[in-house]
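Take a look at the structures listed below.
In the two assemblies presented below, subunit A is common to both, partnered first by subunit B and then by subunit C.
Moving on, here comes the complex of A and B:
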């Protein structure tokens, strides 16, 4: 076996199939897309080479800057919410519910099983105002808080928060289970010792539990950031970037540029920026976590 | 302990993979289900991509005609109107246009004409011998929309646009049918004060908002306002345009559109009007099909009136000029035009005007040879209005490219949700039009 694995040809043979697939499915489209960003046009109209013009235009594009900012804002809030609430839930499972957490765990995990489109339908009904009041508005109205009854999805600010709440709700169960797996790995005697030293609740979490699961926590943050920066389907399904463009994140703007405005080159340019953003964020966290593990 | 954790992780990742895959395939099924059907379009079926399902709009006429006169089957794929242009452009890019499809006249169609992807309808209809059935006015309108490139679409609808109103509500509040914009606003104020929502506006669809802006614009500058903008003869940041945006914005601010107009879709808006929850509803005459639907119309056909966009102070527009359009048009793939399609087109369109009138009370861009006797009051009303028309205006975005159109529509939602000012609305548009 040893001899086989030392043979360069054998190694090549083993990795070749996956390399070919990776090359065809990931690298080629990426390079292709970067190539498109130097062109203007669409498959219907044909393409013309315009050099770096797309990259120059993009910085004076108010809509792009707005989307860029929205993406970052969304990623920060949703990642914080998902991972923080996931951690709180995981600690809750381990410290409070202990062996009886199965049912709760399953229930909270459940939304991630649902398709984003279904969840978006659910939330659009929850926050509905017309033709009839949705659950949220009905509750507000029955509590005589009529000044709060509003079109949650009808104005940019509140629609953004509805998306944030929806995505946190949808995936916090996933992060809870992820972190839970790390938590049950902490030796019971260690917790016992900490308790004997008088650490309880918040102190126990802060000084014992979190340092113990740090590597998993960092993976969770990378997972979450990458997911949230590239959020697409839940936004499209809930607001389609609206009202107007007030919830149009980078991915949605990229999609609209390429497929609605029929500007493939410009859409590709937006995609390149998204790629760079994801790379920077991932590298940053990776470096940070490396240092930490060492 | 470690093993257990590992197993748990593994189980979780596996379950996620399964979930991921299943939700993916589910999505594919929901959007692609029809596509598989279309992919398999055999010799015996005709693939028609529509914004309606088999019972919506004028589609029942196609279905009946296909069933009665041909051996083919009509395979209808339904897409939302907001995705229509995009979907067709993608299909066109991959040389796989459906045999027949709904589409937007104007810029999007012009691109397909330039790409030589759509059938020359004038030539085809003349060859089949049914060109004479087309209403010359409708043909003119479509040719104007295609930028003078010719007739590449079938005018399956011919629409006037204006305000539909609930006669009973008007009577109860002592409101006369308004002829000036101010009268209309006064009426709205009276209704609003009495707890009746004046207008049902499907803001979620975006274009119903820009139609209102356009209504004011075409009264202020006349029917060619938007065409003049695209020719550079008028500046869209001029006072009349800003005032138009301002009017619509203040109507929204005053609560005339009710709460959350931006979340109301087309169906919900028409239901609102048909259930008597809103007094007025700006829409094209295609809405008559919905008005005739007894399950939906709870206020009764006799209770619905129509008035043309009222005139505005200082404007040049007059009441014999209407906002007009040919609705969504039907176009055909040039590549897939063969004897089968020829037969189908002849079957469906040889007496299309009569059938649409008889079955659905729809006014189309086809001549009606025999006016049915039991014609509905609404259809009669509109037929009479059409006789009044001296000149027609196109809709707001008719001459915009895809991006400008999107900006006009997106920003319209922001305009009525109080996020941008009328000046900004028009100056953003001006930037794009340049």
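Moving on, here comes the complex of A and C:
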């Protein structure tokens, strides 16, 4: 028995294909990128070793700081929106939804599986102003709210909010299902007892439901932060970081400095910074998921 | 108290209905608009189409090259999906069910991949691909999709293998089964549902990818559906709304169909990645 389960050749055969591809396309390039961050240049121009200079320069680079701030702002707003609306939906699923429950949950979940590019194209048409008014402007105009009709993607501020709304739209149903799974584990008699004590609606949510699902709520928040810090495709497909650099999050800034300006060293430094940010968030996940087990 | 409860239940229902509308209406609007005649776009956007103007789809498919992009996406997605599932299941089986010293270390190594942002591998991979002829080559995309799909796949599969009783494997060994037979005749069929969930999650990841496709493919004949879509709408989508809506619809139809048929498994697969992640 042990001989079969300890068969070295079988273990190698099972594990090697994954390990080889993973090393070649993920681990080696990651380490390589960290190496790049100590250099200045590109494969065409050649590289010069500059030590930690990229890391020192990065903090006096206005564009980098702008991108960093945008990433944080975006992550905070989208995470709050996704998880909060997800939680509200999930609570309503449990408390008021009886008929068509599965159907409704399934429909609101759907946008998360759509390609970000297609969703972005859809939203650019929703918020279009020329050559025709898009759906949002059309509706505003038919409600006689013409002063609100505007080029939503033409100004940095509103473009940022369109991206935020788009990503909340895409994933609130996902978080609703995620949190719903935690909610239905709350024993029914606990809810009933709280109701008999006169708690309902907001009080019931605040004092009974939320404390009961705290672990899953925290992992949802951290999962969302991890995803939103890496946002790339929605932004590239909707605004490509524009107008100007007003929606250029870290990931987009990295891409542009690497590929548009051919600064391999500097682009890698931004990428390493992103990696560190994700690492910090992941350590939080790890810490909290350990707590759940106890 | 009764009134209060009835009232909050009505608010809840209205709230859910509004969210249902906000979610579903844009998608329905998109699909309806894809059947509009060019002249209909001068009317308000919420107007219903007057007929089924299929020409939009024909234009998107041929003039807009969506046919080529669609084929490329299929050619990349299925080989990558096949490999990521087989390699991932095999690795997870060895890690979770077989006995060797480094299994936990190897698992951790793979799990680290879940947090690595894709941006960090772009430049080195671009250099490697440039020197090995994998730039502008669909094989290059297949490789990177497998590599980035593995961490989550292995993570999910090790979770499912944990629930597979060891006694079952021991009984099979006593009956004289080889370890390979146990892997593909017992372990995979036993977690078949999970297998399909993971396959779906990976399908969406690969089919929806933009960043690798736009970095490693610049040849317009080799574009996948997402890069093609960005280009398509950029080129003449500004003027031709009908074909643009048709091409966006084409990009989402495969995901729509899969979701219609297998939504339970999709939801299970996608949320299980988050809870444990």
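To be clear about the criterion, the second predicted complex is superposed on the first by the 250 of 294 C-alpha atoms of A that agree within 3 Å, B and C clash if a C-alpha of one lies under 4 Å from a C-alpha of the other, contacts with A are read in each partner's own complex, and residues count from 1 in each chain.
Just so it is clear, contacts are C-beta pairs under 8 Å (C-beta built on N, C-alpha and C of every residue); 3 or more make two chains touch, one makes a residue touch a chain.
What you are looking at is a predicted structure, and each value in this text was computed from that prediction instead of being measured.
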Notebook entry, point to check: So, does A:115 touch the first partner subunit B, the second partner subunit C, both, or neither?
Noted result: both
Next item on the list: Have a look at where A:244 lands relative to subunit B and subunit C in the superposition and call it first, second, both or neither.
Entry: first
Margin query: If we overlay the two complexes on their shared chain A, which of subunit B and subunit C does A:125 touch? Say first, second, both or neither.
Written below: second
Next item on the list: Going by the touch definition up top, name the partner, subunit B or subunit C, that contacts more of subunit A.
Entry: C
Note to self: Quick check on the superposed pair: does A:177 touch subunit B, subunit C, both, or neither? Answer first, second, both or neither.
What the structure shows: both
Note to self: With both complexes overlaid on chain A, does A:14 touch subunit B (first), subunit C (second), both or neither?
What the structure shows: second
Next item on the list: May I ask you to decide whether A:259 touches subunit B, subunit C, both, or neither, giving the answer as first, second, both or neither?
Entry: both
Margin query: Taking the stated contact definition, name every residue in subunit A that is touched by subunit B in one complex and by subunit C in the other, in rising order.
Written below: 43, 112-117, 124, 131, 174, 177-178, 181, 233, 259
Check: What residues of subunit C sit close enough to touch subunit A in their complex?
Finding: 1, 4-5, 8-9, 12-13, 15-16, 19-20, 22-24, 26-27, 29-30, 33, 41-42, 44-46, 83, 87-88, 90-91, 93-95, 97-100, 106, 109-110, 113-125, 127-128, 130, 143-144, 146-148, 150-151, 154, 169-170, 173-174, 178-180, 183, 204, 207-211, 214-215, 225-226, 229-230, 233, 237-239, 241, 244-245, 248, 251-252, 255, 258-259, 263, 266-267, 270-271, 274-277
Checklist line | Complex contacts: residues of subunit A adjacent to subunit B | finding: 42-45, 112-117, 124, 128-131, 149-151, 153-156, 174, 177-178, 180-182, 184-185, 187, 233, 240-246, 256, 259-263
Item checked: Parts of subunit B lying in touch with subunit A, wherever the complex brings them together -> 1-2, 4-5, 8-9, 12, 16, 19, 23, 26-27, 30, 82, 85-86, 89-90, 92-94, 111-112, 114-115, 117, 203-204, 206, 258-264, 268, 271-272, 277, 401-403, 406, 410-414, 417-420
Checklist line | Contact footprint of subunit C on subunit A as seen in their complex | finding: 1-2, 4-8, 10-11, 13-15, 17-19, 21-22, 24-30, 32-33, 36, 43, 85, 88-89, 92-93, 95-97, 104, 106-118, 121-126, 131-135, 138-139, 141-142, 169, 172-174, 177-178, 181, 198, 200-201, 216, 219-220, 223, 226, 230, 232-233, 236-237, 251, 254-255, 258-259, 264, 267-268, 270-272, 274-275, 278-279, 281-282, 285, 289
